[in-house]
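In the two complexes below, chain A is the common chain; its partner is chain B in one and chain C in the other.
Let's turn to the complex of A and B:
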């Protein structure tokens, strides 16, 4: 923190402020710097444009065309809305949409509540907090495919360890991945194991940055721990939690690796997310038009969700969040 | 920590905080324990019912199978080459772009930054099909560049954001001095800006590397031939449709989790700052 008045403040937009110079020279300098800026960003724009923006546009075009794919090439044969109407009338797509939405809401909700609780506990830990942080980073950095295989082994019907544990405590021998509802719950647990630490770390870092004095004031007022949390901690923490929610919702909505490896979307299509459905339609059925429609509609939904969230979030935290 | 009350006697060791911390640690650790332990069982014991909770005897057979019967060494090399090249590309391109968008008076840079942010959250499934057709047409399927360039493009936006935020905090005067001394713009970035933005480079680097190391969908779609499989694809495609060789899978998993875990643990400060402030500020 700079002492007020001693250190000259640095404008946020760095380059806009220049040391006092004659007006003409300043303008020339500014133009030169702007040109430099564009040439410095060109490589980034080229790579991003070619490998993300162009394919996104192409995906939209594909979803609105009759697509012909053969061994040697592909062609778009005229405009059509049929890909989307196929989608709306397909029970698989409607199921995948519902499944993805419910899955996202449940996992993110559990992860945020659990993650916040863990962060609150760890913040009070006097010794070994660094160690716990390190431990929490391990599931986060793990390849999702690996965690999916690991949970597949844990849930296995014939030699899974969880089966043994359930049997030992007298809960029978449930089939985890063979029936729809247990399979969905099992997948959520695997997801929660891998991503709750991520939420906990974000919230913990936010907690540590909160000013200490507020707690002292609240304690002196005789507020209970519960009141302090809801009245002091939570409102201040809201931007951090909102950020974690945003990250997680976006990630969960693109859910692919976990169902693809753990359940292959089954049993039936009970764990088929939008991304898995899109992949299957495109690369297993080689139906690129409807596949692109699945992919594009997923992206559009993410975008709408993102914008809505930012709007609510801005309204809640005011200038702080912008 | 003003809020931590001084505790006396056994309460110092056994209280709500330590008990819940231990519970969390166990929940996180148990599956990891199971992963490691299973990898050291004999292939026959992997399917035991009831399972061995401690491997007896300890065996390295699964590791041998992963590297001899399956070509897991090949997958590690592929993942490493692709992740390292993509990370360096992202840092190189991202640094100058972050500098430009952070410190140079470009018109319309805020809309650009917003577009970048949107791209970084776009679901991958929306681009795999067109990218697949594009890569097929230029003959890049099953090659390193088939993943290096998409990974670079997808990780650049976040890296640019992080680097830009770090660069906003560098005092203007340092740059001015270099300019007056007659240093070229690139030299200014290299000798003045880069040393100051080093923490940002670490954060962006670790995030990019981790993302490349763990990415599955594009790797599965573009590089499915055995010679160009990365670790996640290799692990997912081990075995056949009917038998899953868990012992081999877990041996391979342990080998591929270790480098990234070490990296993340060593640089955990950068990771945490990237997860939080780096992404929100600005």
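Let's turn to the complex of A and C:
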């Protein structure tokens, strides 16, 4: 998976040892190219610096300081680790962490399995593949807040469609969003509905890249369809699936809009994800220090998780080379 | 060991395109049969039908005594080497070679032994733990061979297995594949568009064009007695010179452009049918090596006829000279045969328009711009019917 995390370098500086050139000319070229490179890169650096690096840095600084808010703005007073120790001792944070981790694992797992199945079906479609893909992408293309509102209608306890259906088939009238476990499951269903197509499309892209000859070879070797999938298709899809998993884990760990719209983190704090908790602490309780600590710790945790995943993945896939 | 019998096998695609038309071919025990032809001639489709990767629209396919039209690939007792090798990139060389055996649930020790045997035949022993991505093209090709060998099938199918190798390696592997095939003695159907491969590797060669089998025989017969213009133009490099000609009164001479080539009585005794072409147009075929110049050995008292031309270009290849010359005769292109040339496998064909090519001994004193006088051995001339392109042989 050399494609993960490989960023093309800044315009070449011409340090090619194999073709020696006259020293003077070499230097002039090199300086000129470097100047050109910097002039192209500077606007991007400025924008990224102002809108990404600075907020992150400021957030980290806030999480490590006593933050005072006054009419004239923020002031960070002195270094402290207390924001983090507050978190670690707060049951809400520990719950939110557990909830977010479980939510991420369950949704990503289901999405990857379902998405792979859908991709396998789509790949075999000879007619109407384009139409099916377009239809499939409708949920994914919808803004999450809007799809969350739609699911809100579906789950609504008094006029929701699902409520009516359950009632009609004699399964009673469960309160989907008002009780903790059903609320969590309902939220997962909404997430899976929306995001499975994304996984399916990525896996499909990986599938169509696999050469047809490999399937023919495995057919000749005497493999059944099932064996071919497990011995040939799936191992070769691992890099693609890993990519989908990475994208999805990063997204799912930042879960915010679904609980924000559907349950506001409730009932109780049963659907309070780390992101929702961070928002509540920071912008509703105006506890900027601990709020920043929630945000920073979430980012660090997901980063560590992804790095570990990549490490395990690399060790497993090894150097399959080209 | 079971041979292959292809009996009037036809392939028609759903869009109505007929890729293979009533192909009849038999591959005997241990025989190396090469299917050759320009791209799109149906040779790969034919092979894939034998492999079970394409449905057969008509006719009967037998492997051994068994009709296998509706038998799936894995039950046909065949092994195939693919053009792009189709190695499993996530498996080591040993796993690739042993995959089929593993699926048959053979004991591990037996798989290991068979894989090692195959690897030693192919010189892959030290690479068994590598993955295909770490191997060179030639090594990958050998792994693909190994995967086929290890299964001990009754038939090998090879789909242009050497076409992805560079020229030098291709020559080397050509000999190697032929050697391995002879050693194992398994009936082999080998597809290529390279007539040099076909000539050098095949026990017999089947030439196809536009889905139709043109001729199937051993390579030398194909070269010496092509059954029609297409085979004549396709086999051989540089290709046979084909000129429009007309036979004179009682077919005792042929008018080639403005030059008259005498056709002695001896020719008519071997090819009496030529008489019936008297006063009619024919196509005259001359292999480049049958255009002799001074310095080539011409037996005394022979009935050789001269043919003159203007030298355009002389290509010195060291072992021989390729002399490109023009005459006022109209050159004929065997349709489709040039296309194979264009795929870059036939060396040294620059011929265009009224040009011909002669292959002469390297010390001949020939310079571009000069006039040259070639001597033709009438017995080595080829005549084709101008209307249907069929060889006039009898």
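Just so we're on the same page, the second predicted complex is superposed on the first by the 291 of 322 C-alpha atoms of A that agree within 3 Å, B and C clash if a C-alpha of one lies under 4 Å from a C-alpha of the other, contacts with A are read in each partner's own complex, and residues count from 1 in each chain.
Here, a contact is a pair of C-beta atoms (placed from the backbone, for glycine too) under 8 Å apart; a residue touches a chain by one contact, two chains touch by 3 or more.
Every value quoted in this text rests on a predicted model; they were computed, and no experiment measured them.
Taken together through their common chain A, the two structures put chain B and chain C side by side without a clash. In the superposition on chain A, A:274 makes contact with chain B only, not with chain C.
In the overlay built on the shared chain, the residue A:236 is in contact with chain C alone; chain B does not reach it. Contact with both chain B and chain C is seen for A:216 once the two complexes are overlaid on the shared chain. Residue contacts after overlaying the shared chain place A:193 against chain B, while chain C stays out of touching range.
By the touch criterion stated above, A:253 is placed in contact with chain B alone, chain C being left untouched. Touch criterion not met for A:92: it reaches neither chain B nor chain C. When the two structures are aligned on the shared chain, A:80 is found in touch with neither chain B nor chain C. Number of chain A residues touched is higher for B, counting chain B against chain C.
Shortest separation of chain B and chain C in the overlay equals 7 Å (C-alpha atoms, whole Å).
Residue overlap on chain A between its contacts with chain B in one complex and with chain C in the other: 216, 219.
Within the complex, the chain C residues that touch chain A are 51, 53, 72-74, 78-80, 82-84, 86-90, 99-100, 103-104, 131-134, 147, 151.
By the touch criterion stated above, chain A contacts chain C in their complex at residues 211, 213-214, 216-223, 227, 231-232, 235-236, 238, 317-322. The residues of chain B lying in touch with chain A in their complex are 1-4, 16-18, 20-21, 24-25, 27-29, 31-32, 34-35, 38, 46-51, 89, 93-94, 96-97, 99-107, 109, 112, 116, 118-119, 121-134, 137, 149-150, 152-154, 156-157, 160, 167-172, 176, 185, 210, 213-214, 216-217, 221, 231-233, 235-236, 244, 246, 249-250, 253, 256-257, 260-261, 263-265, 268, 271-273, 275-277, 279-280.
Across the complex, chain A meets chain B through its residues 10, 12-17, 19, 30, 33-34, 36-38, 40-41, 43-45, 47-48, 50-56, 58-59, 62, 69, 73-74, 117-118, 121-122, 124-126, 128, 130, 132-147, 149-154, 158-159, 161, 164, 193, 197-198, 201-202, 205-206, 209, 212, 215-216, 219, 239-240, 243, 250, 253-254, 256-257, 260-261, 274-275, 278-279, 282-283, 288, 291-292, 294-296, 298-299, 302-303, 306.
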